[in-house]
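Sharing a structure, written as structure tokens. Questions coming.
Chain nomenclature is as follows: A, B and C, assigned in order of appearance, with residue numbering initiated at 1 for each chain independently.
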Amino acid sequence: MDDLGKEMHRLCSDLFPICRSITGNGVRKTLRQLKDHLSELDIVEIPSGEVCFDWKIPKEWNIRDAYVIGPEGDKIIDFEKSNLHVVGYSVPVDKTVTLEELQEHLHSLPDQPTAIPYVTSYYEERWGFCLPEEQRKQLKPGTYHVTINSDLSDGSLTYGELILPGRSEKEVFLSTYVCHPSLANNELSGPVVTTFVARWLAALKDRRHTYRIIFIPEGIGSIAYLSRHLEVMRQRIIAGFNVTCIGDDRSYSYLASRNGDTLADQVALHVMKHMHPDFVAYTYLDRQSDERQYCSPGVDLPVCSIMRSKYGEYPEYHTSLDDLYLITPSGLMEGYEVLLQCIRCIERNETLKLTVLCEPQLGKRGLYPTLSTKESTKQVRDMMNLIAYSDGKHSLLDIADKIGVPMWDLWPLVDRLKAHELLEAVG
Amino acid sequence: MDDLGKEMHRLCSDLFPICRSITGNGVRKTLRQLKDHLSELDIVEIPSGEVCFDWKIPKEWNIRDAYVIGPEGDKIIDFEKSNLHVVGYSVPVDKTVTLEELQEHLHSLPDQPTAIPYVTSYYEERWGFCLPEEQRKQLKPGTYHVTINSDLSDGSLTYGELILPGRSEKEVFLSTYVCHPSLANNELSGPVVTTFVARWLAALKDRRHTYRIIFIPEGIGSIAYLSRHLEVMRQRIIAGFNVTCIGDDRSYSYLASRNGDTLADQVALHVMKHMHPDFVAYTYLDRQSDERQYCSPGVDLPVCSIMRSKYGEYPEYHTSLDDLYLITPSGLMEGYEVLLQCIRCIERNETLKLTVLCEPQLGKRGLYPTLSTKESTKQVRDMMNLIAYSDGKHSLLDIADKIGVPMWDLWPLVDRLKAHELLEAVG
Amino acid sequence: MDDLGKEMHRLCSDLFPICRSITGNGVRKTLRQLKDHLSELDIVEIPSGEVCFDWKIPKEWNIRDAYVIGPEGDKIIDFEKSNLHVVGYSVPVDKTVTLEELQEHLHSLPDQPTAIPYVTSYYEERWGFCLPEEQRKQLKPGTYHVTINSDLSDGSLTYGELILPGRSEKEVFLSTYVCHPSLANNELSGPVVTTFVARWLAALKDRRHTYRIIFIPEGIGSIAYLSRHLEVMRQRIIAGFNVTCIGDDRSYSYLASRNGDTLADQVALHVMKHMHPDFVAYTYLDRQSDERQYCSPGVDLPVCSIMRSKYGEYPEYHTSLDDLYLITPSGLMEGYEVLLQCIRCIERNETLKLTVLCEPQLGKRGLYPTLSTKESTKQVRDMMNLIAYSDGKHSLLDIADKIGVPMWDLWPLVDRLKAHELLEAVG
């Protein structure tokens, strides 16, 4: 288990240097490396210009090199050192400018003087560089040469998709995004944890539900994917999770779906409450990621978010400080475990019905423990409560919520009572 | 605006000396003076004896003069000085009595020794005088001559009515009462503020709803009006307000309808919460005015009350201390503003639907502010939230409540999004 | 009234020495003594072996004598002194054992060294003795002779049943249990209070509802009764109470039905809130008595429990300390009163409708008190509120809850308004 956390952190380290954006070779390279861990992954291309609802797939952006040469002839900003130095989707430039002109294209953070900010300009053509405030302050008047060797032209948007069929056509949906360059919690943790969850699911012998798992660029990626699959998704998805910011060690967060009471919400809240009772609950008003599309009017998928420290809520967010030290093997591992537990809860959720009237006689079936310990007392109480609420109306998750115990405490009891034909699943 | 407050206070001053009751020339004179400010006002008479549900229109009461002459021959109580001195609906009297006999017909307030109480006896024939406790204490034994030159005979009940048609037959209803003599907050503030609100409505270029506005005597007036218009009112009224005690400067109050969750309640609570968050919320159990009729079983109109300091809750209530100093130009003005805001909210309330799937691309339409200030950030957030909840199910008021902003902050955003055909009204 | 409490306590004293169990002559003798106070009581026998849902009626157990003779030849444990000394349903035994062997069959309570615990083994054949821990500690090594002169063989399960017909077929159900030996609060208080409630009901001139009252052994008794009467009970019972632990003087308790919002729950909460506002509310998760059967899935009767100190929650529970000093005449009397008040509330519960539109004119009918005292003010307020909510949708109990007054304060008002044909019952 511990090893798995380290393995995930190692994959984050491998992917960290790649310059990802919403399109381009960085995304392709990232997806190919994920596919090394998840052979079933399909890599799909959507051509620039394809209409997706109110949007169009943008031109593809690729960058080879970028730097600023200072008045003294040395490279003072260099894309080779950090791909955050260049504003995402910067158009090509190669010219000499004064410091004043340069300043108009620089971005830094006065409050975080050592951090390089993460800035993009997907839908308006411009160019720019990002640097730490403390470096910017030392820039001297003079002549600077700026070079961005980038390319913005027709190509495609690339995403990864994996459908793992189950006994039922009903789907559980996982979505994560692969468009952030060298940033760790937001967002390499999401695709890496999702890859490992998908691997666990792929290895699962008997999947009840079908799993739809996608690795997309944020925003345009979810819109594009929805525009191609909306009908089937609306018919089949019973719960979904936007997997993001799931690798640091500090807190647990849940962000509600628009409706707030879908199965995804119920499961996420249940798991959080019992595994990490000090989690932070955010409402849909705090949203800022792909649930904006999945929960939009007319789309209305049951999708919420499970996170460690939420985007926008931790100081390193969207700066070079969100690095490989911010995420940890245990942080990734526990995020992975929460997500797995949510999936287990959905797999085991069913509506149960007692097969006899009144309480069954458990004694004659040896279902009362002969030695009464504190643990067995709790088990008997849980079993009697499970029986009491197995009325063909409450789901097992409802029952667990009603009696205030983790759903997983009930699984061995359900198995035992089913084996004695005292409980049966309905509907 | 400031001038409007003064204008309202001046009208209160003009009307203050008139001796109003539930019938009679005082009411007629009051309504005629209101009509000077509101030419569209119809003045309607209902003859004594007309049956109104369980009630009958009472005889009309008029009074010309009333006084008590003391043992030393001087007028010690004089209706000319304050019409509160005479118990409302007193029958005529003209006789000499001892102090003991007189005492049985006197009313005063030991706890408020300087105040003349307001007392009526509409449905039982008696006579009486009201005076300050401190004066009463000084009455000496001896012979008193009491004269009430009044008249209680068949006539009619008078009320004012104004229907302002709108694009829709659906009505907003305002009701206020004109039966209190020289009392200011309860109740000249109601008819005066309502007159000015009606004037504003009459001048409104494009009314969406029809407005039914009545100036009635409290109790019997609302019963009589309902008995003549119940069917049409039940079919058309979507929200109504009982306008009372709306002129002092101290607090804001809301009193729920019987159901408590009508559109009128939702609007009143919304406006109060955002304009005057320290308002006092009363339940229907605290009712004491015409909502008793409007919300009665089988009538069930969506009517609540918006007030400044509520009747019964301020010390000057129903005494001569509820005078022109208790109400103020700013008190009336702010009450007027609250009522207007409620009306604006109802006029602008509609159910909205996003015309595209997923979030629309706002950037290409110039709907994202180019300069990002704190105010524009709030606007963008409000706009995104407005879009997120425009699902054809939530009304704009629901959305404002859901996202926790004043509805009026959303109006320019709705206009802009409609202009870009991104939002449309449904239903 | 006081006398009634003493009479109930006397009946408890008479019944206390009888050795009751879930079957046998102790139950028969108890029911015969109850029948002396309640001649209408039917005593019913169900033969051993009859199948009741998942259960079978067990063999009948009778015991004549039991004792342990110590190494020095004296009776150190004697069933004659307390029937709690023998484990309920002990099989016959007559042999000599060492102290070590004896210890395996002894039960005592280290934390309550002076108490004899109450232990049973209905569904597994064994034998055993119960004694105070302080006595057990003094047992010396040596030879002991144990004798249990009992009998476990085919016979029957005995219960008492009483149906008191009313104007309506709709039933109110009372269930209490008669299977505990010399224990007072749990459980002689239940059958004794129920007997007196039944006597009061039998004497009631005009019963609106039919009353089904049963005296059964706990657990198997309720299962057996349900298996014979389920269909009719499901069709007719509108509210039921499990009467248990209703004789001590310390607290009041309410335990919810499984659904928690049945008429029984509403009545019990209403009566408790107004008569004993410091009552303890337990949820269905705290259940431990026959509501386990009455509320089980597919049975779903509207049954909750009304108690003084709840089983399992007071230290003397299931020990010899739960004796005739623990229950008191006033404790029994007040428990009886609570139950009676619940029944009165159900008898008087009806859905009311105002016969006129708007408020009726109460004055002309003399329904306004002429002298205004504090009490009459409350009455007028209650009357106006009663009228305001008599909309043909709220039951009288709903109205009482809505306006926050005890339902019984409204009964004289309902009578008066009905006499004036202002209110009528509907549905």
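Following the convention adopted for this analysis, a contact is a pair of C-beta atoms (placed from the backbone, for glycine too) under 8 Å apart; a residue touches a chain by one contact, two chains touch by 3 or more.
Values in this document were obtained by computation on a predicted structure and should not be read as measured data.
Looking at which positions face the partner, chain B and chain C present mostly different ones, since fewer than half of the interface numbers are shared. Rounded to a multiple of 5, the C-alpha superposition of chain A onto chain B involves a rotation of 120 degrees.
Separation between the centroids of chain B and chain C, computed from CA atoms only, is 56 Å.
Not a single residue in chain C touches at least two other chains.
Per the touch definition, chain A reaches chain B in the complex via residues 52-55, 123-124, 222-223, 226-227, 230, 258, 284-285, 287, 292-293, 295-300. Interface residues of chain A, counted against chain C in their complex, comprise 353-354, 356-361, 363-364, 384-385, 387-392, 403-404.
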